[in-house]
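Chain IDs A, B and C follow the sequence of writing; residue 1 opens each chain.
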């Protein structure tokens, strides 16, 4: 099986190293533990009840407390970095991310990727690489799958050439493609645990929820998180190297921004059971230590979940903002007849969750 | 059971929202794990032997290593914040805190509170709320109970009105009310583990112990601790919001100050088995990142523990100080005929421990 | 058994307190958990596969994932500090460190030391203390043993007197003295996990590997690590005390520097199964928060391991550097006919690992 994979050199892969169909088995397999789950809470402040309470999770049919979906995503994503994005200029976007099966402390995660698209830029100094990545548990069953695309440096100036192959990127994960775990919803127990009564019926399409809490990031918390995920991208860790870049300092890993914003968004979304999909997302501006994150949520859509009378789906837009409270903040601003994002927007995430119908 | 509780809105409760007898079932139940225990050591430097050593704990009749009492207290306290003190001006004091049963990794904690007192201030802009809070394990048995009182903003200017109801606050927990766990004391094993021979007989009422070690706090360690406890009070996390307050920056959560001071007080109190009670306590001044904590202990009282020839009780006063070593430090200073606390005092805690009689 | 040990006073031992043959049973025994292992990854970024993956470790004959050898070393070392180096001027060196048996989450570590050498300096204000320290698991079996020597203050000025007794310090651990655990090497599984194919046969004596990654240290990560190891040396924690020293600020614990450098050295040494020995090592210059660590590895020797056709030994030199990338960096510089270390060198570690022969 090893033979199918060409190993990535220590300096990482450049645009020229990617070819449609090339596959990667990413290092390092990781047994996720209760220690990782504790650190996730300490790093983000996550308060969603199911990953916190073993008895609640078991009462709802999980075999143990499920890992927070943000922890799972970041652990899986971290594995892909050394092969895919060690030489990335920017992480451009995510699509078609689906959670396929709950993961619990004690499970071991591995990850694989396949190149599904390539698009050189006009200069040829870099190009966009599209990969489909998936994470598997110790039984070989997929637990998470996603597409991301990254702008990657060419090894040689002008070396990024060739025909553009751009994969089909679904605008959203269709409800029929969502994988709802076989759980038993105990609304009363969940509401007792979450401290709030809002359920699927209480949300309206178009509704906006301004989350009041803010979280200031410091150098150690984002570097601890990124090391925990074994994401070795130098831009997050090497302040000396970053001092000579336009940023001037270490960049906060975008996955940590997602996790912190989701934790801030607990108030108003208390009974969300978990993520089913990320329809799309992008990191609009860099985040640095010292920035305070705020966020708001827009309800983009609500729909039934196939075969479930007890659960509904909500499609949500989570907008993360730096140094500007959410109340009254407009993400898009019109300027000279054009609509552009406010430069304070750091995250724009379109995702789907399941929540009891009440 | 849900029906008995009125949910707290996202903005938290104000003075007007509290009424004598109102009960709260706090979110989020939490299965405490070995990961939380590791983080507690990393955050505080705690070295008390029993929570560290599974074989020692089992040799002394615990069913597993007990969680550090500071971790338990902070986990339980953290749950009460969103309902009780989200809009607190200040946390005024604690009384009648009792540890009722050891808690171990794998146990799940929930917490409830009841309003037992209300006292509007003369301006009516805020008032004191007294609550009795208790934490329970997964079997529904209480493991910790305490009274605290908090100065809480009124929702409306002058809205804090009504008759004052001030509960009876015991000056200390009576020895007969202390709950000593059914453990078997192995003095030799404990002394081998702690590295010190001092036992109950070696302490004298009035004795003062200056703990030599100091601990400088940084932004990440106090915010990690406070997030670990899922205490979401904004004053600890939102530097941007705090910049416009008189403090100018994030406040360190008082429970973290208690935990750090107790860890510093290990030297001199090495064979303390655990806390039985907090008789009273107050946070005298704010602590900020950059402050170095020091502390000293005074032996206020020593007494037999009901039914135990092998264990004695010590009532201790732990005084936490910022930026001034403990040796020679006087907590109370006389100024113009009046006694007041030195402004470097950040913590004044009166608590009771059990320790082998030797 | 307690009676054999004289307890260390709270202020620690001074040179006069050490005598050849004096033994210490160090506090505090510690059950190492999955929480500690998670924190170790978050603090260092370690990616060596065996401690990360339960299935891989079990496929290779371990009874569970082994703890990272750096975590084990630091946990064991931390215990010795209060008795041996609380009053150290400097930690001068290590020799004859041998890993004797794998340690797993759930095992409980204790440590003992014996004074094996004493050498007063000419001023008599301090002297060198040589100790042999060993860590044991809960079955009383030794898992790690090492010699270190420390420059320790005299209690009284000029108090460090007496005959010099300097133990024999082996230049290296002989291959015949290495303890190779009874594991089954599965090269294909290891290579799949590590993402690299380099094995014993691919390394050459004299080869140098410049590790490209750098890691900037912050105050919280080094203090979290040092507290996790329950190493209470004041120089790492008390910024106020350190402000009045020539350093002006907290010193980073040398064991954390070793751990971070080993994690940076993953790239290029991916299939190393674990450390067998540290032949020698020294901390050449202090490290502070804000420094960025880089490192390179030199292959000093390669040899067969007794009785193992499947594993080979590599003797490696790991040089840690602050604020200067590894590529092209020379550790030793000639100046006026003399060779001295570049002041950017913070660590010079000579250690032996096992790696599949391929």
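Keep in mind that, in the parts below, a residue touches a chain if its C-beta (ideal position, glycine included) is under 8 Å from a C-beta of that chain, and two chains touch if they have at least 3 such contacts.
Here the structure is a predicted model, which is why all the values come from computation and not from measurement.
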Among line, ring, star, complete and other, the chain touch graph is complete
A CA-based fit of chain B to chain C gives a rotation angle in degrees, as a multiple of 5, equal to 120
Comparing which residue numbers chain A and chain C contribute to their contact, where sharing over half means same and under half means different, the two sides are different
Here the gap between chain A and chain C, centre to centre from mean Cα coordinates and rounded to Å, is 36
Residues of chain A that touch at least two other chains are 33-36, 38-39, 218-220, 224
Contacts from chain C onto chain B in the complex sit at residues 1-2, 5, 7-8, 10-11, 25-31, 33-36, 38-39, 82-83, 106, 108, 138, 218-220, 223-225, 227-228, 230, 232, 234, 237-241, 250
Residue positions on chain A within touch of chain B in the complex are 33-39, 41-45, 47-49, 52-56, 65, 188, 191-197, 212-216, 218-221, 224, 267-268, 270, 290, 292, 323, 325
